[in-house]
Structure formats: C-alpha cells, structure tokens
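Structures for review follow.
Consider the two complexes below, in which chain A is the common component and chain B and chain C are the respective partners.
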Partner chain A sequence: MNAEIRPIRTPAEQGLSGELKNLPSSGGARIVALREAAAKAFNDNGLPHRRVEEWKYTDLRTLMREALPVSSPAQSAQVEAHARLLIDTGARRLVIANGAVVPELSDLADLESGLTIQPLATALAAGGDLIARLGTLEPGRYDAALALNTALAADGVAISVAPGAVIERPIHVAHVFSGKAAASFARNLVVLGAGASLTYAESFEGPEGVAYQVNSATEFVVADEASLDLVRVQEEGANALHLSTLLFEVGKAVKLNAFTFTSGAAVTRTSLYARLNGADSAVSFNGAILLKDRQHADSTLFVDHQTTGCESRELFKHVLDDSSRGVFQGKIVVRQPAQKTDGRMMSRALLLGDDAEMDNKPELEIFADDVACGHGATCGAIDDDLLFYLRARGIPLKEAQSLLVQAFVGEAIETVANDELRDALVERAEAWLKARA
Partner chain B sequence: MPAVQETVEQVRSIDVDQYKYGFFTDIESEKAPKGLDEDTVRFISAKKGEPEWLLEWRLDAFRRWQTMPEPKWARVDYPPIPYQELYYYAAPKQKAGPKSIDEIDPEILATYEKLGIPLRERDALLGIESTGGSKVAVDAVFDSVSVATTFKEELAKAGVIFMPISEAVREHPELVKKYLGSVVPVTDNFFATLNSAVFSDGSFVYIPKGVRCPMELSTYFRINERNTGQFERTLIIADEGSYVSYLEGCTAPMRDENQLHAAVVELVALADAEIKYSTVQNWYPGDSEGKGGIFNFVTKRGDCRGDRSKISWTQVETGSAITWKYPSCILRGDESQGEFYSIAISNGRQQVDSGTKMIHLGKNTSSRIISKGIAAGRSDNTYRGLVSAHRKATNARNFTNCDSLLIGDQCGAHTVPYIESKNASAHFEHEATTSKISEDQLFYCRQRGLDPEEATALIVNGFVKDVLQQLPMEFAVEAQKLISVSLEGSVG
Partner chain C sequence: MAMLDIDNLHAKIEGEDGKEILKGLSLKVNPGEVHAIMGPNGSGKSTLSYILAGKDDYEVTEGTVTLNGEDLLDMEIDERAAKGVFLAFQYPIEVPGVATMTFLRSALNAQRKKRGEEEISTPDFLRLVREKAAGLGISQDMLKRGVNVGFSGGEKKRAEILQMAILEPKIAILDETDSGLDIDALKIVSEGVNALRSPERGMIVITHYQRLLNHIVPDFVHVMHKGRIVRSGGKELALELEANGYAEYQQDAA
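Take a look at the complex of A and B:
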C-alpha cells in the first residue's frame, strides 16, 4: 500500500544510473546543477511502478526491461530516408536524429523577422537570455521520464518568437531515430513573446524491428496574448519505447491548441503539464490514439488552473484493436483564486479488438466555487445499429467499421487549425485504417 | 411539495447548535481494558461466549493487522489514531441478558426515544398506525453491544433471521461460519482487518429462499462512551429469490476528542435475490473548527453471487469528521445488477472520501452510480470510484453520474474515477460535473420571497432528488431534514 521498502533495483534502473555517471557538461553552472539534481532524483526514486499513482497503468519498472546506451549521431543519408512524416505540409523543417540536430537537413535559412532558431547545443554553448528559460518549468513532482531527459539531453531546438511577431509558416521538428538500438534524449524549448503567434509541429519516427528508446521533452513558455498551435505525430517503430513530456506555462489571454496523434511504438507515455498563470486564456489539449497488436499508450494530463476566467478543453479519442491497451489520465485542478474557470474534459474509446483494454481516469480537483467543470468518459465497441445501417446499404463490414472509426477520430483531428497539417493527420489516420483492412 | 416546505421550516427552526444528537447518556458501562493486544481480542471473544474457531479467526486477523500499514491514499488528513488509547469493548451494564424490552435499562430506552427510534413494538405500532406506513424492525446497537431487537417473533414466522451477530454465532453457527469474511476477507484492508479482530456486535440477517421480508429491517448505531471505538459487523444473506430492504442509522455524542468507527458490512445475494441497503450516517462531525468528531472508516461490500441477483446501496452521508467509505458490488452472477446512490454532504471542516466499486465479472451485468457531493464551509468532498470489466464480462454496462456542488469559496470538491474496461463489448459511460448554485436559480427563488438560506435548501433538495427518491419513505423524510441541517450556516 505505502511506506514499503524499495525493492531491489531493476537492471534498467542500474543501467540508467550507470549512464547518469557521465552527464553532459555544456550550458554553464545552472544547467549543470539542474542535470545533477535530476540525476540524483532518479537515483533516489528510480523508475515508476504501479504503486506510483501517476504511473498506475504504465508500470515502467516492468515495461522498460533494459537501459540502452545513449545513442551516437546518425548518418544523415539514413535519416533522410526515414524521415517521411509531415514532409509535404510546407512547414519549415528541422531534423533531430538520435537526439541531435542535423544541420544539413534543417532549414535555417531566411528566418522570418522576430524568429530565432538555434540548435540547443549551440544555444547552451553560447548561453544568453533564451537558455535562462530552460528548465524553469516544473511539473511540481518527481517525473522519472523528465528527470532522465533533464539529466541526459544535450541537444534539441531552442526557438523564440519576439513579442508581436506572427510566424505564418509552421515549424516542423522531425525527430528521427536510426541505427542500432540505443536511447535518444532531446530537449526543446519554445518561447513565445507577448502577442506572438506560432504553429509548431513535432513528429517522431524510426525503424521497425529495432527496440530503441526515445525520451523527448519540450518546454513551452507562452507569454500574454500569444497564440500557439501545437501538432504532434508519433509513429515510432513497433518495438520502440517512447516517453514524451510537454510542459506549458501559459500567460494571460493566451490561445493554445495542442493535438497529439499516436499510432507508433510498443510503449508510449505522453505526460502533459500545463500551468495556467494568466487570466482569460483558452487552452485545448486533444488527441487521437490508434493502437493495434499489443501496443500500449498512456496519455496523462495535468492542467492546473491558477487564476481566473480560463477555459480548458480536452478531447481524447482512442481506437484500440487486437489486444492493445489505451490509458487516459486527465486531471484538472482549479485552485482557490481560479474563479470563473470553465473546464471540460472528454475521453472516448472505441474497442475494436476483443482483448483490447481501456483505462480511464479523468479527475477533477476543485477548490474554487464559481466554476463550471465537467468530465466524461466512455468506452465500448462500435454501435451495432450504425454498422447495420451501413451494411444494409451494401458496404462491407471492414469498410463500414473504417468509415465509423474515421468519423470517430475525425472529431478530434478537426480541432487542428492548420489546413495542411490537418490533412496530413487525416491521411495518417486513413493509412492506419488501410493497414488494418 | 410538502417535503420541501418541511425542509424550509427545518432550516428556520435550527439554532446555532446544529447537531441535535450530541447528548451523552450517563450509563454505567463495562469496558475492556484500554488498548489492543491478544488479550483484548480474547476478552471480547470470551464476553461473547464465542466458539473456538471464531476466536482463532479473530486472533489470525489481529496478527495480520499488526503487520499492515495504515492506508494513506485517500484525500483525507487526520492526526494519527492512538490505537492503544482506545477501549475496544464497552457495554452498558445490566443484569443477565434482557428477556424483553421491559428489562432494558430505562436510560437506554430514553436515549433511543430522544433519537426518535421507537424500540417498543407497542409504541412503534401505535406510531405506525397513525401514519399508515409500513412496519420497521429495529436492532439497536449501543456502543459495542446490541441492546434490543424488535419484531423478532413476527420475522421468525416468515423464516427471516434477524438478530445480533453475537447471538447468530451461537444459534446459527453454520451460516455465520459459511459467510463471515467471504465477501470482505480478513486481510482485505487495514480497517477491515482491525474490525475482524475486535468486532463486537452488529446485525445478522438471513432471508430464506423465496421469501420477501415482510418489513424493513433497521439497525441503529449509537456510540455513547468516551474513548471507545465502535467496530460493528453486519452480515446479510439473501437466499435464492428473496428480497430484503435494510436501513442503517448512526449518531454519537459531541466530544472534543475523535472517536473511531471501523465497521464491516457484508452482503451476499444468491440467485434472483435482491438486497436494498440504505444508510443515513450522521455521526458527530466535530465542531466548526474541526475539533472532535467521528473517524468513519468503513468497508462495505456486496457480492451478487447468484445469477440475476441485485444489490443496491443508498447512502446519505452527512456526519463524521472523516469519512472513508466505498460500498461496492462484485457482480459475479450473470445478469446481476449493482446500484449505488449517494449523497455526501460536508460542512465545517469535514473531509469525505467516498464512492463505490463496481466490479463486473459475469456476463450481461449492469451497474449504475449516481453520486451527489455537496461541499460547504471549509470541507473537502471527494468522490472516488472504480468501474471495471473483467475479460469475461461480456456486455457489461455501466452508467456513472457524479455531480458536485460547491457552496462557499473555501471548500473543495474532487472527483477521482477509475474506469477500466478489459472487454470490448462492455459499455461504460461516465460523466461528472462540478458547479456552484447558479445565480439565476438563486435569483429566481429570492424574487419569490425566499431568503438565501431557504433558497439554497430548496435548490440543494432538487440537486439530490435523484438519490432521495431511492430511499425508503421514512428515511427520505429524515434525510431531507438532515440535508438542510447539515448546510445550516453555510450561506451568507
């Protein structure tokens, strides 16, 4: 139940502790101290297991069997061959392979005015105002994935948009893994000045049949009246372990819209922490998760309303085939000063496979009285009446299912504002359904 | 609506002191020595004249309890409970067992009269004739022992066994032995294990095959002594095709120190049987500063063992400083049904962490959860529930609705549902909302001349109506009054 003596450390924990003996040294005293503190936190607490409430359904002690050595740089030809997600969207593309920026594949020319993009390694070496923001967002509790990322990530991208700058062209950061099984760590920082506007896309992909590990963390600092659209696509290889952490600090009257599409990796955990610090912001966090075989994906959200008048919306759709397992844990916290909060969270799951499993845990924690908060969660099979309707019109079973699934996830994908990115996502969902049929 | 009118009048008539059951009856009592060790367990067992197997059962529980840590996962915060400072057995002193109601200490009878529980069958009948309601058989538990059970003969005619569990151990050992601990195992959790070791009394009900219990059964629990813990154990068995409705009520005197109440309730419904279990819990909640009050750590679980069986829990939780209570249903039989209707009201500094578990194991099982939480003052009110479908629970259905209402800006309302589905044909729906009483509703009521407190009571009554309707009539009226009393002082 609790107060138990920590059992013997797993091989993965021992391996990770070994990796943590050689921390990157870039970035000055503050960053080095952050890395050391994170390494110490990991050595003290280890990997989470099912007794740790936030990881109840994703027992990393069991799921992460071994620790892999930190990956070495990839060959850019291989990377180019692998990177295929979101390529036709017209976005400015930056490529991160095995946790390091590949300059020859990254488009850093003709940056719009007000936009700064630097590889994190370069920014760390140079120091400066932007780096002063790195590591300032905290989940407020120990998170093993984030601790490992903080300790071991040495590269990624650092982006800042000057106050008032409106960047029309989306930025796409393509995370690619290639080569032999290893662990890659990337850390990104996105800072939007007051009134700035940006569309930011992240994609994750890698080879089939290689049991690699990806640990990515991105911090978003969104100042007053700024607007951020975030689109994420995760299609890692079928044997990969993928851990992502997203941290948001939201100022006042911000518009934030984040969407995650997940269909890859054997084990996925996406943790999202959003702190709503300013009044009257509107945020939405949505997702579509399509799983098959024995895939496991966990989306855990923590939305912290600290001040008045904010609106938060969450819509997550799971489609679970075969014996896959979907996990949704969403927590909306409304602090005492956060009066007039309007929060709505919805998680819906469609179980296609007889052995599929869905675990929902939508939580509300409310300390302010003048609020309107709610959550809903449903799970079940496709409605027989709907299938019958389509089949009565001569549509074969699989096709009828596909149509209904498409409509089901479509509702979540609809929330993406950018047309090209939305079309690309619809296309990814269709590809998944086609592979199924 | 006369009931609403009554609520409004009730609100008006209340003084500053909200808890009207806070009196203490001065009765000589016999206690076990303070503290808990194997000798205490033996003492209780000997007092009850229990057979050897039950003593062993208790001792086994006690040994296991010593190795268990106290659970900390609930959203409640309380000082450590001094388990060795409590009395685990207290019984009102009286000569040999009472043969009839007339031999019971008049002080105890007076206590129950004050509480509005008629123990004398004659009085009960008189009262009932005038209102035209149905009869209710009562088992009254005073501290650690049952003092009176009414209507025994009439129930016996129908074959229904309704008696204190200590008596049942002697008279129906085969039933007790078969079912005791079969729903809530000895090692289930910290508080259930403690209860297994030191339980003193409680009710035992057995409804034979095909019998519809002729009247509602009821137990009234009263903690009277200082520094005592109450550990009652209730066991209800509904044999094939039977039906029973069971009510439970509780009160305690007002004291500055906290008192512990750790009960276990086990329900077993065999094929086609139905058990309806209603609770109005009004233990002393402590004063407005959070001093005193009952720590209520209760394990309640029903096992729908047979096909087409049904268990329904209805609870109105208004009392206790700490409530930690999750009446659950194990839906084992095919087509079995579980229901949970709850109103949990917290005011002052009360902390409530309550909810249910619906565990779907059989095919075509269904469950329904309606939970209404109302938080006022500086209280915290948490709904914590689990709905799960096992791999073989084909076509399991669940509908959950939990709404929370916040009154005042110092309280908290939390919802922590766990929804786990391992079967594709299972259909689970869950919805939860949290809001305050809308300004529009209040304005509407006040325009029609109601003062803010009356208006609030009216709206709250509407908010909890779904659950109140599930209560037996006599209880519904009491519960409605209780709701308005609990919210007294929360507006303005």
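Take a look at the complex of A and C:
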C-alpha cells in the first residue's frame, strides 16, 4: 500500500524521466553517482509547482508544457551568426553551443599564467583536482532545475585561477542555442584560488520563434581574499525557456560582485545560492530585468551568512512593459555565529504596461543578535512629475520615458566594475528601449 | 495679434469635484514685452504657468490660449516647448540618473528636430553650454551631475535659466525664479534673464518681490487674485503693492 499522495506526472515530467534513463557516463564513479542521485531526486520529486514555496510564482509544472530531447551539437557557422552579445568587449571568448564547447570558436590560446580553461567534457574525461570540486556546492534543498542539470549536463567550461593570479582580461562564455527546438544543458565550474582575481561574463542567446530550453548551472568556488566579478546577459529568443542556477562558495575577505541582465526568453528562472563561510567578505548580487509582452522572469536568491562580518547587497531593478511579470524572491539568512553581518536587499520595479505585474518576496531570517539587515521593495509607474519636466523641455514622451528607464536601470548597471562590460550592458538596455519606441 | 493671447481662461483641478482655480483670466503678451505677475499665495500663478506648459493635472473648462494664432491648449507638452514655450519651474525637480548634458542635448535636439532643423554638433553644443554656464556661474562639476541632483535651491534656479538660455524660447514664464536666491545670485540670474530680453521674445515673470523688478524691469505689472487678473499697470504698480500689500483686493473679494 502506498500512503504517499503524488500528483499525476505531467507529460513534461514523463518526458524528462525518459531522458534521465540515458545519463552521460563520463567523469568517474563520483560524478556518475552524482548524476544518478540527481536523476532519482527528480524522479521522486518532479517539477516544482506553486505550492512549493521557492517556486510559488513560477509554477514550472504548468509553464513547462513538454520535455524536449537533449540537443545535438550545432553547426558552428549557424552558431557564429547568433553569438553577438558582448562581442566588442575585448574579453577572451569561449563559445558553448547547445550545451557543448565549440573549440574552433573558442579562444584558448596564450592563457595567462595561473589560468586554466578546459571544456568540462575534457576535464571529466581526464579527472583530476579541478573535477574533484564539481558538484560540491549544494543548495541544501531539492532544486529541480539543478537536479536536471547535474544529471544531464555533459559539457561546459571548467576554469581555475591559481592562488594570487590576477587575470586582467575578462573571460566571456557565450552560450548559444541554434537549430530545432531541443533542451540544452551546460555545467560550468569556476574556481578561484586564494587572492586570485577574475572577471567572468556569461551570455545566453538563441533564435526567435523556436521554443527551445536552456538549463545552465555554474559553480563558483571563491577562496580567501579572492575577487570575482560576474556579469551575465540573458537575451534568449522570445519563445525560450531559460533556467539558470548559480552557486557560490565564498571564503574570507572575498570581494564578489555579480550582475545579471535579463531581457530574453518567455520564461526565465534564475536561482542563486551563496554561502558565505569566511569572515569579512563583501558580496553583491544585482540585476536589471527588462520584460515585455507576456514574458515571465523570476530571480530567486538565497544568501546564507554563516560567519562574522560579511556585507551582502542586493539591488534588483525590473522594468515591466505590456503584460509581463517579474518575480523577486530574496532570502537572507544570518546564522547565529554571523555577528556583525550587514545585509541590505532592495527590489524596485517600474511598471510600464497596464497589465504588468511584479511579485516581491523579501525574507530575512536572523539568528544572530548584532547585525544590521534590511530590505525594501518599491513598485510603480514612471513618476509623472519627472516625465512632465522632461517633456516641458521638448523631449517627446517615448524619449522621455526611455531616458528615465535608462536612469532607473542605470543605478544597477553602474555596479559593474569593468568599463567595457558596463558599456555593453548600457547598450543592451538602450537596444531594448529602442525596440520598444 | 498678440504672440501669447490668454482669453477668459477658466480651469479646475482634474477630476469629478475638482476645485476651480483660474476664473476668467485674460492676458496678452506681445513680442519684446516683459509682464510681471504678482499676487498672494494660492491665487493661481503657478497653476497658470503649468497650464501654459501643458501639465495635465488641470482641466480647462472655458476660454482660449493661442500662441502666434495657434491653439496652444491643443498641443502636446513637448510640442509646446518646440513652439517656444518655456517654463522656469518654481520648484525644479531632481532627475537622478539623467546626466545634465544628456538632458540639455536631448531637449535641444528634440526641439530642433520638431522644427525641421538640423541637430547641433557635439563641439557646438559643448561650446554653447560652456559659454552660457560660465555666465551664470554654473560649474562644470554641476553639469556632470544628474539634472538638478544635489543642487542647492539657488543652484536649481540658476540651472533653469541655463536651460532657458540654451533653448532660446519665444515665450518664457519664470515662476518665482528669485525665491531662494541670495543677493549675488539674484544679480547673476537677473543679468542672465536680461541678456535674453529681445524684441522677438516675450516674458512672464511671476514674483512676490518688487526687488526682482529693479533688476528685470517689466513693461507691465499685473495683480492676480483668486484666479483672475484684478489690476494691471506699469512698473510703479509693484512699488505700490510693496507698500500696501494685497489687503485692498482681499476686501474686494470678500
């Protein structure tokens, strides 16, 4: 007799379970065991729905109508045509198409001393110290997107920066989807040794009009006194489903600044898990999310302060046109030993469309007594008085709106330290506004 | 035909039971003339200036306003600006994140575009701003900030005059540009305004203080009370008001 009541499995869940019967076999016993455990977790728990607290506003069971077969490699000519994001930033570029590294489009020459870059597939085949870190960062709860990624991803990039190495030139991993609707999985690992420094960018793009699915996960292991700048641009095609998971393990006195720009995909879910287990680190997780039509984007953050003296900042700016929907869920946990924690979380939304919707769910869970934590959320239309002031000087309505929206998201984009990447982000925001006008 | 012709203007606050604020106001401004409007707090001076600029918090229920014969009330806000209407705000607002230079340039080019003129070149624009800013004692540092962001009250008023100098309107409405200015700033701003006096340009100067009118000498002075012009005269009327206040009009109205 089975007492457990399980919901009826959806076609997507059934399809995914089918895909999970053929797990990649690379990477040795530990990795194979990880994949099998992840597949089992998915088969047991399925896709999350609105009664699962962390997925309350993004009911993946409903939103993901079908499972697509895992994608096959793309033609590099097609890929090149799509890979245009962040192209002029001077960054070292690696291209991942449909979840697999494209060597002929990836610049692996003249690596700076202390920098190692390998396709994950190569690293898995070779084994070694770096691969020993893969899969060691855990959200601490079942996460369907991550489970599917762990089970099915066979490639991605594995990067390590040796202790003390300062890599000036940013690394840009361009994820491109091309071809017929399919599901692509990429897994990346970025390990920074003590005192190392890196700027890492990732971008996501693909064709309009194809209902493809992208599931990306990246683990960042940031050792003591290291410095990481992460810049992400997600401009998937308008019919795509995009799932991203970012996992951070942060040592002591680390400087970490992560920024995500999102304007693509029909449905986006970005889950971010950061564990601060070294003292006196300063981290920030910021985002600018620009949506239109019926786009839906969910940013869910979980920042876990485990020890003393860390500062965390979150600033998320949503611009919502038409009947789009933005979701921000931010949870800051301050464990009992994490005295002197300074945590501040802010979510601001600008509603341009009459039917646009923003859901904010900030949460603080504080077990320490000597902390300064706060959160805030605002949501509203463009200020009429500001609009009037600009228009009274002769600036037409749409242009005035654009200037004010740019100013609004600019506050978040400004947090990006690298000049070229920041300029590229400003340009992406301008392009979005231009398309609107 | 007057350049700006306001005839029997009635206006109320937008909405069901919006209060009537302008109650039959008439005023003609010809090119080259400077008109001062004085009047007690709440008499509707700022409301008049907002209605001319096109703010949509108000509803015109009766009367007309024409600019060079065209129906001003029928135009969009930015269209009015392109036709030459400029309002120096009583309370200029801060626009964080929009750089002053971007703002000035967008405004100037938008107006030029609407008038079918060419956009200004970057060097010409920079030269223009530098020259006008220097005359008004506006530092390069202020120009680097967001529009009015962190400006003192007096600096905001000066920045309004800078905008006016750059946009070269046909009809300028200065709403209490003198309030909040120290003695030196009042001189600088007045000189800035006087430099813009021209046979082609009309001005409406709203003020509470006769002092300003020593610097910007008006051709006409009007007293506004309860939404109407109740008396008009020459510049000596300002001196009379300074001496006697508005008691006479309050009684009339009661």
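Going forward, the second predicted complex is superposed on the first by the 433 of 437 C-alpha atoms of A that agree within 3 Å, B and C clash if a C-alpha of one lies under 4 Å from a C-alpha of the other, contacts with A are read in each partner's own complex, and residues count from 1 in each chain.
One rule holds in what follows: a contact is a pair of C-beta atoms (placed from the backbone, for glycine too) under 8 Å apart; a residue touches a chain by one contact, two chains touch by 3 or more.
What you see is a predicted model; the values in this text were computed from it and never measured.
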*With both structures superposed, pick whichever of chain B and chain C touches the larger number of chain A residues.*
B
*asked:* Tell me the contact category for A:66 with respect to chain B and chain C: first, second, both or neither.
replied: neither
_Touched partner set for A:380, first chain B, second chain C, both or neither_ = first
*Pick one for A:404: touches chain B only (first), chain C only (second), both, or neither.*
second
*asked:* One more residue to check, A:342. First (chain B), second (chain C), both or neither?
replied: neither
*Name the contact category of A:362: first (chain B only), second (chain C only), both, or neither.*
first
*Where does A:36 make contact in the superposed view: on chain B (first), on chain C (second), on both, or on neither?*
neither
*Touching chain B in the complex: which residues of chain A?*
1-4, 53, 336, 339, 349, 351-381
*asked:* Under the stated contact criterion, what part of chain B meets chain A in this complex?
replied: 68-69, 71-73, 190, 391, 404, 406-436
*In the complex with chain A, residue positions of chain C that touch it*: 53-55, 76-78, 80-82, 87, 89, 92-93, 95-98, 102-103, 106-108, 110-111, 114, 146, 163, 167
*Sort out for me which residues of chain A touch chain C in the complex.*
385-386, 388-397, 399-400, 403-404, 406-408, 410-411
